[in-house]
Structure formats: C-alpha cells, structure tokens
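Order of writing sets the chain letters: A, B and C. Residues in each chain are counted from 1.
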Amino acid sequence: MVRYIEVKSRARTEFIDISTEVREMVRSAGIKSGVCHLFVLHTTAGITVNEGADAAVQRDISTFLAKLVPIDPYFTHREGNSDAHIKSSLVGTSLTLMVENCRLILGTWQAVYFCEFDGPRPRRVAVKIVADD
Amino acid sequence: MVRYIEVKSRARTEFIDISTEVREMVRSAGIKSGVCHLFVLHTTAGITVNEGADAAVQRDISTFLAKLVPIDPYFTHREGNSDAHIKSSLVGTSLTLMVENCRLILGTWQAVYFCEFDGPRPRRVAVKIVADD
Amino acid sequence: MVRYIEVKSRARTEFIDISTEVREMVRSAGIKSGVCHLFVLHTTAGITVNEGADAAVQRDISTFLAKLVPIDPYFTHREGNSDAHIKSSLVGTSLTLMVENCRLILGTWQAVYFCEFDGPRPRRVAVKIVADD
C-alpha cells in the first residue's frame, strides 16, 4: 500500500528533514525487514540523504544550488521556475532505503531531506514499504 | 522478468518522454500493486522524472546541462564525450516508481524521460516490474 | 538480509570500482532473479554507474566535480567539507540494479563506482538482494 508524507514548505528553497516521518511509517507498517521506497510527486522538488547533525550543511547545499542554477534569462519555460525543475533532476525524486530489525538503515550522520526548490507550497512524498518474503 | 524499452534518439542531446512505454509495460504485466524499476544500460545517457506538460522545461534542462558541462579541452577520455558521461552521473541511470490500482503513480505534471547525452543512437532501458506478495 | 561492502579509500577524491564485490554478493546470495539495492551509509560519498573500460572517464568526472564544487569560503559548515556533502547529493547515495539468470544486469561498458569525496577513510555500502517470488 502506498502512503503519503505531507510536507508544508515555508520558503522558495528549503530542505526539510523528514526522517522522523519516514521512521514512523516504517514502525507503523510493522515490518521486520524489507525496503522503503520514497518518491516525490512534484517536478520542482527533490529528495536526498545528507547530514542531519549540523544545519549548516543543508544551508550550504541550498546556497550552492542557487548559485549553480540561477534564475536565468535564457530559460524559455514561461512559469519562470526552470531553475527549480533543473535542481529537481540533479538531486532526484526517487530514493530506496533498507529496513532491518524493524529499523531504517541510515548512517550515523544521515537524515532524509525533502528538497523544496519552488515553495512555499504543500507537497507530498509517496512512501511504499515492502516487507521481505 | 526483465523487459526492455527500445529508444531511438535523433540528436546528440535529447529528452525522450517514455511515460507511455512504461505505462504500457505496467499494464501488460497485469499487476495490481508493486514497484517498477527502470535502469539505463548506457554510460552516456540517464533517466529522470520532470514536467511533461510544457516542452520548454526539457529544453531548459538540456540547455542548462550543456552550459554546465561543456566539451572541454581538459578532459582526458579519448572518445571526446566525457561531458556525456558526467551528465549521466549527475542525472542518474536508475529510477524506482510505484504501482497502485494497476496504475503508475506519478504527480500531475510528471513524465518519465530518457535523457540522451551522446546521440543519435539506439538505446535500451531495462524495466523490472515486481508485484506485491 | 543486509550485507556490507567495505571500501577503503586512499585519497580525498576517488572513484572505486566495486562491481566485482557487488557481483560476488549476488552470486553468494544464490538468487536466480530479483533486485540488488545499494546504499552508501555516508554523507560525503556517493554511488554511481559509469564507464569501467577507460579509467580516464572516472578521472574526468572527478576533475569536473572538483571544478564545479570548489572548497569555497562562502560555505558555513565548520568541518570545511561542504563540497563533499554537495557532491554526495548531486551523485546520490542509493542505487537499484536488476538480477536475471543469476547475473547482475549492466550494460557492456557499465561499472558500479563508490565515489569518495572526503577521504581517505574506511567506508561501507549496504547491499540488499531481494529474490523474485
């Protein structure tokens, strides 16, 4: 069964830590081992795993992406948010994590981030947890 | 069982919407729910999900990537297509989608794109559909 | 069951071909068909599929990423390795491959690379092989 994490971004660009929500879904699915697929249902957002301990890391990634993909005059998409579409394809919208002993497998410093590139908006991440066997 | 989507690119750089082919494979697999794994079998191409409604978006992504990764003299790979290899690793070659109620789960504006970075060539995308249970 | 590939990087930036280790895990899992999920447990490393035949390709990707994401003074993360975190999110930490007829499905020129962006360090890649049925 596919479930959804609802995210409410508050700025044009924002990295939102959804590790707690993903862990809660794994727990409520009640599986011992398996995989957890995550998929962002939007074309101007992404999903990534990166450091959760120091907020400066997310800020540095955001700042870098803003400099890398400026809102440039050569873009032809009329909505004026081509930079957000480009960031979405660079960061990606799909992620597969593993579950073992009822727990999500993440490295010590890893957190799961929803990456908003064209907010603020309400957003949705599809979650599908598949048990082994 | 792994099946293949055959793609025929017609330019050096081209984003080809393969959503119809992917949906057709999901339909013919006859599954109610599960996942659909996609994998590009080439090192100078990629796969991404992005806007399918306005063709300007794909054009802007292509244009941006061409500016970001020029065919530069400092590259050492003799075939002269290092830019295409780099774009492949930035965009990625692997994608996992979800299936529910016999349908592929995609957001309203999302389409699946095969990304050609060193065409024109015949290309292949491996597709593996795994049903729940 | 989740198993781990141990990687020992020997430079700050290094692409390490782990195709042999991944194939060995698939073989020892003894499955005929299924999928092989790979996940990097670190926030300053990544995983990608790219050309394995000519070492110049990996070198060109590394060189490009080093120019693209310099160790810049505007980064605020105190450890001074924000460039490595950024490269990790650009390249990605998650990969799903397919297995058929007991073999990993890879294109003729494809190899699986662990991408070190802040070495030298001992590193781990989680591997989960799921058989069909």
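Some notes on this structure:
Simple rule for what comes next: a contact is a pair of C-beta atoms (placed from the backbone, for glycine too) under 8 Å apart; a residue touches a chain by one contact, two chains touch by 3 or more.
Note that this is a predicted model, so its numbers are computed, not measured.
Chain-to-chain contact here is organised exhaustively, every possible pair of chains being in touch.
Between subunit B and subunit C, two chains of identical sequence, the interface residue sets overlap only in part, with shared numbers making up under half of the total.
Centre-to-centre, using mean CA coordinates, subunit B is 20 Å away from subunit C.
Within subunit B, the positions touching two or more other chains are listed as 68, 90, 92, 96. Every residue of subunit A that touches subunit B in the complex is listed here, in rising order: 1-2, 37, 39-43, 68-69, 74-79, 82, 85-86, 88-90, 92-94, 96, 124, 126, 128, 130. By the touch rule above, subunit C contacts subunit B in their complex via residues 33, 35, 48-51, 54, 56-57, 59-61, 63-64, 68, 90-92, 95-98, 100, 105-107, 109-110, 132.
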